[in-house]
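Letters A, B and C mark the chains in the order given here, with residues in each chain numbered from 1 onward.
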Amino acid sequence: MALDVAQAPSTGPARRTGRVPRRRPPGGGVRRGERLAGWLFIAPVVTILGVFLLLPILMAVWVSLTKWNGQGSPFQAGVPMAGASNYTRLFTVDGLARQDFMTSVRNTFYYVLIVVPTQTALALVLAMVVNQRMLKGKSFFRTAFYFPSVTSSVAISVVFLFVFANSGAINSLLGLFGVHGPQWFADSRGVLHLLLGGLGLVNPDAPPSALAGHQMLGLSWWDWLSGPSVAMCSIIALVVWTTSGTFMLMFLAALQNIPQQLEEAALIDGTNRWQRLRYLILPMLRPTMFLVVTLGLIGSWQVFDQIYVMSQGGPAKTTLSPAYLSFRTAFKDFDYGSGAAISFILFGIIVVMTLLQRFLLRERDGAK
Amino acid sequence: MKTHRPLWSRIGGYVVLGFFAVVFIYPFVIQVTNSFKSEADATTNPLSPVPHPFDSTSFVHIFEGTNFPLWLLNSVLVTLLATGGRIFFDSLAGYALARLRFGGRRAVFAAILAVMSVPNVVLLIPKFLVLNQLGIYDSYVGLILPLIVDATGVFIMKQFFESIPVSVEEAARIDGASVFRTYWSIVLPIGRPALITLTILSFQGSWNEFPHTLVSVQNPDLFTLPRGLADLVSGSLGAGNQYPLKLGAAMLTIIPVAVIFLIFQRYFVRGAAEGGSKE
Amino acid sequence: MKRPVPGTAGIATLAAALLLALTGCGGGFNNNKPAQQQSGPASLQVLMASSGDAETKAVQDAAAAWASKTGNKATVTPAQDIAQQLGQAFAGSNPPDVFYVDAARFADYASVGALLPYGDKVPDANDFYESLRKTFTYQGKLYCIPKDFSTIAMEINTDLWTKAGLGTSDVPTTWDQLTTVAQKLKAAGVNPIAIGDTRDRIGAFMVEAGGWIVSPDGTKATANTPQNLQALQYVQSLLKGGLAQYPKALSAGWAGEAFGKGQAAITFEGNWIKGAMQSDYPNVKYTVNPMPNGPKGAGTLMFTQCWGISAKTKYQDAAIKFVEAMTAKDQQLSFAKAFGVMPSRQSAKDQYTAQFPTDKAFIDGAANGQGPVNAPKMDSVLTDFDAGLQQLATTDPQTILQRLQTNTTAAIGG
């Protein structure tokens, strides 16, 4: 049962023109009660959200302009100021801060690049398979696919630490096929590097100096082209496994909203399954697809829990993400200003990515 | 008109489904069975679904060697208070935004939408700053108070209340009921399905909450289950290959949510669909 | 996603007022005044970073004994991640009173004023090894008393040794001999060396070559020197030749685990390996030998922690008395017996060597041991160095050292 999203149309006009419902007693007494009640009802939410979400952001903006190290209050006089250098340092100044930040951006970029399409595609496939009318045990399958999403990310990380351990389940499974699995969490080699090496195009141990010798923003071109590391791949597997279920439900809801008559009409017209898929179902799923990709982008750029529990940024910083870097910079290096700056830049990245994605997907839409 | 699918297609479909079902379920099977294995067995036969020998000493260790009971207690406390708070306050606020006319209503709603769009991780350091500034860092208050209300819940309730016909409330108001009375006795009972969804989502969200526990407390006595579990696995107390212990603790963490999930499945499903419609 | 423009100015005013009020009250943060001292029986919160159950128990017992003797209370808690917990605690208003301070993080804490410099209040501070005291001196003040120390030595698995046909006279004393011996081990089908993939192990070779990350006074970066390069190139040759492996390649969490499981004949670890071997791998016979000499001569790494006292503690006197009790000679010797650390008091050396003759190599390391880098803000630089060392087998050591030099200069120089 899908609830209709009914945007309230009555706010504007009702307030402006003071339209009074016909049956209300005159005098505005009830109206006043409403106003007071309205504020009272909303007070707890506004207070708590204001104090613990809105206010902190303002405080953090201030702290990101300082070099506060955690001692004393950041709001008293005498706190060392950094101005915008906490931000510019991450882009223009050659040093460890920029290197770490760019490394985290690179890592997360590849992570998002793989996770979002994979989980979207998997969710769609699962939804379409589960949605078939004559399927028995539909509810069982739907439960099975959705269950990982409701569990604690920490608990799942523990399970996957075991599954991807050196002598763990995955390597045992690969061993059954005669493949010697890597030491997942110790392997910092980039997948793209391995691929290029495997295809014989490049020697990973001696990359061409055109790539390894020149730098952009603190990392050599060769480093930028590393792809996710093997360790990152195990985290990618975990996340795709966990989140596909939620998106599958969204696709399922959308699929079930496709009127049956449309499908039957298409059948009568003699279309085969692939044509139905391409010209009927996918276009009708566009809004949901859009939503799933947006949510996927926003969620995957923020990856934190799994990194904290499983790898803490290692091996060799290949699972570092901006969120984890921000946390570590603040709480381990006592550089709260820089940590806050990193988190705001991350916010900016997410906003830009979301807008970019909206722009790209909307353009192809045309009429909508 | 029944679609006529060839047998091979149907069998193929079941095979694909079966394969994915195994992929999605087997890690849990691994988790459960390996928590009942001895450490050596878990290391040598991780894939096998049969413990050999059956060894439940890891659970003894969990309850005696770690602070698990304390974590469990804290998690229950936090979840109860957070869920209760959210049910009460979110629905109040959602109703006010949906139905009551008061100045600043649009601004508040805009602020709530804005807050919802800020990614969680961006709020880690800011929340620490505020908790510290208010002097409630490393206390139960700091742990629980920020969780008592959440923007998504308000949004869901607002959406729902807007879909209820106005006439019901108006009838009650004509009869002289106060705003609160109308809300409490008339509207809220109608809102039961949404409330249940809100309860489920709040329960799941607060039980599984982790980053907030990282920045709000550091005294081990205040750890909740996810935090304690992360402790067990990643810190200096977590060295070694004690997989049965860790898997067992993780399993116990998952069980409450799993039980609630299996019983109230359709509300989870609806919650996921609704969470999506906010865009 | 629609975002209606916020309408009411009232909301903004409210928010601003709230912000001002909060900054004004600023209850959580203390300014940097020393805390008000409390009289009467003290209740100390002690935070430790435990190496295992043995250490936790030993310290808790010692604290309880002190508490009952002096009529105070002392609660000892082992930390999960002491660096993070202390970091957050220092930002708060209620950090623990006494806590372990690792030498690598000491300068960070001291430079932000989180520690009480009580070294001058301890009567027999000179009994502690000078190099250890220097590690915990910042801007001329001795901030805290070292609680113990460990050095790295070379452990050799006796059975695997004899299996390769080697005897006691074959124990290598120079790098070249190490290589030769490793090749013989490899020929006999034994993994020669397991070495940790961090500066805390490989750094020993740097010291033996005569180099180190910073200058002796900790003010200049000396990473990019020929001596360090020689050391890294040597270790790289061992890695590339299959003569040495990192723990992860042997599916072990640390080199000692690989050693205990018999996966390597030689490893370079510190005193802590004794406890691990005793509890996890009791059947392995091994000997402890001095590190092989490098081009400069003998060298090893020293690790130490001190008992830090918080600058905000309300029980300064009791805390100092607590630390004195924990570092008393007999207490140090009993800790040594319980979890394998070495007393930081010079007066305890003879008794220690008498009780633990096999540890001679460890305690002799005090003579040529290099302490950790004692400069603030070096933690991320050193973590980055470790990341580079993890890839030493496939990276040019010059690149790693150059990067270390740049980062170190940025952190401490200028």
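Rule of thumb we're sticking to: a contact is a pair of C-beta atoms (placed from the backbone, for glycine too) under 8 Å apart; a residue touches a chain by one contact, two chains touch by 3 or more.
The structure presented is a predicted model; accordingly, all values stated were derived computationally and were not measured.
A.B. asks: Using the stated contact rule, I'd like to know whether A-C or A-B comes out ahead in C-beta pair count.
C.D. replies: If we tally the C-beta pairs in contact for A-C and A-B, the bigger total goes to A-B.
A.B. asks: If you average the Cα atoms per chain, which one ends up farthest from chain B?
C.D. replies: Checked the centroid distances; the maximum from chain B is C.
A.B. asks: Centre to centre, by mean C-alpha position, how many angstrom separate chain B and chain C?
C.D. replies: 39
A.B. asks: Please report how many Å separate the Cα centroid of chain A from that of chain C, as a whole number.
C.D. replies: Spacing between the chain centres: roughly 37 Å.
A.B. asks: Go ahead and note the Å separation of the Cα centroids belonging to chain A and chain B.
C.D. replies: 18
A.B. asks: What residues in chain A touch two or more of the other chains?
C.D. replies: 50-51, 54-55, 59, 73-75, 167, 331, 336, in rising order.
A.B. asks: Two or more other chains touching the same residue: where does that happen in chain C?
C.D. replies: 22-23, 26, 28-29, 84, 88, 91
A.B. asks: Would you mind listing the residues of chain B that make contact with two or more other chains?
C.D. replies: Where chain B meets two or more other chains at a single residue, that happens at 103, 106, 108, 111, 128, 130, 133-134, 215, 234, 279.
A.B. asks: State the interface residues of chain B toward chain A in the complex, per the touch definition above.
C.D. replies: Contacts found on chain B: 1, 3, 5, 10, 13, 16-17, 20-21, 23-25, 27-28, 30-31, 34, 42-47, 89-90, 92-93, 95-98, 100-103, 105-106, 108, 111-112, 115, 118-130, 133-134, 145-146, 148-149, 151, 154, 159-160, 162-163, 170, 173-174, 178-180, 183, 194, 204, 207-208, 210-211, 214-215, 225-227, 229-230, 233-234, 243, 246-247, 249-251, 253-254, 257-258, 261-262, 265, 268-270, 272-274, 276-277, 279.
A.B. asks: Sort out for me which residues of chain A touch chain C in the complex.
C.D. replies: 50-51, 54-55, 58-59, 69-76, 94-96, 99-100, 166-167, 183, 186, 188, 204-205, 314-317, 329, 331-334, 336
A.B. asks: In the complex, go through chain B and note every residue touching chain C.
C.D. replies: 103-104, 106-111, 113-114, 117, 128, 130-138, 215, 218, 220, 231, 234-241, 279
A.B. asks: Residues of chain C touching chain B in their complex?
C.D. replies: Within the complex, chain C contacts chain B at residues 1-8, 10-11, 22-23, 25-29, 49-50, 77-82, 84-85, 88-89, 91-94, 253.
A.B. asks: Which chain C residues qualify as touching chain A in the complex?
C.D. replies: Those residues of chain C that touch chain A are 14-15, 18-19, 22-23, 26, 28-32, 83-84, 87-88, 90-91, 108, 112-114, 246, 248-249, 251, 377, 379-381, 384, 387-388, 390-391, 394, 406-407, 410-411.
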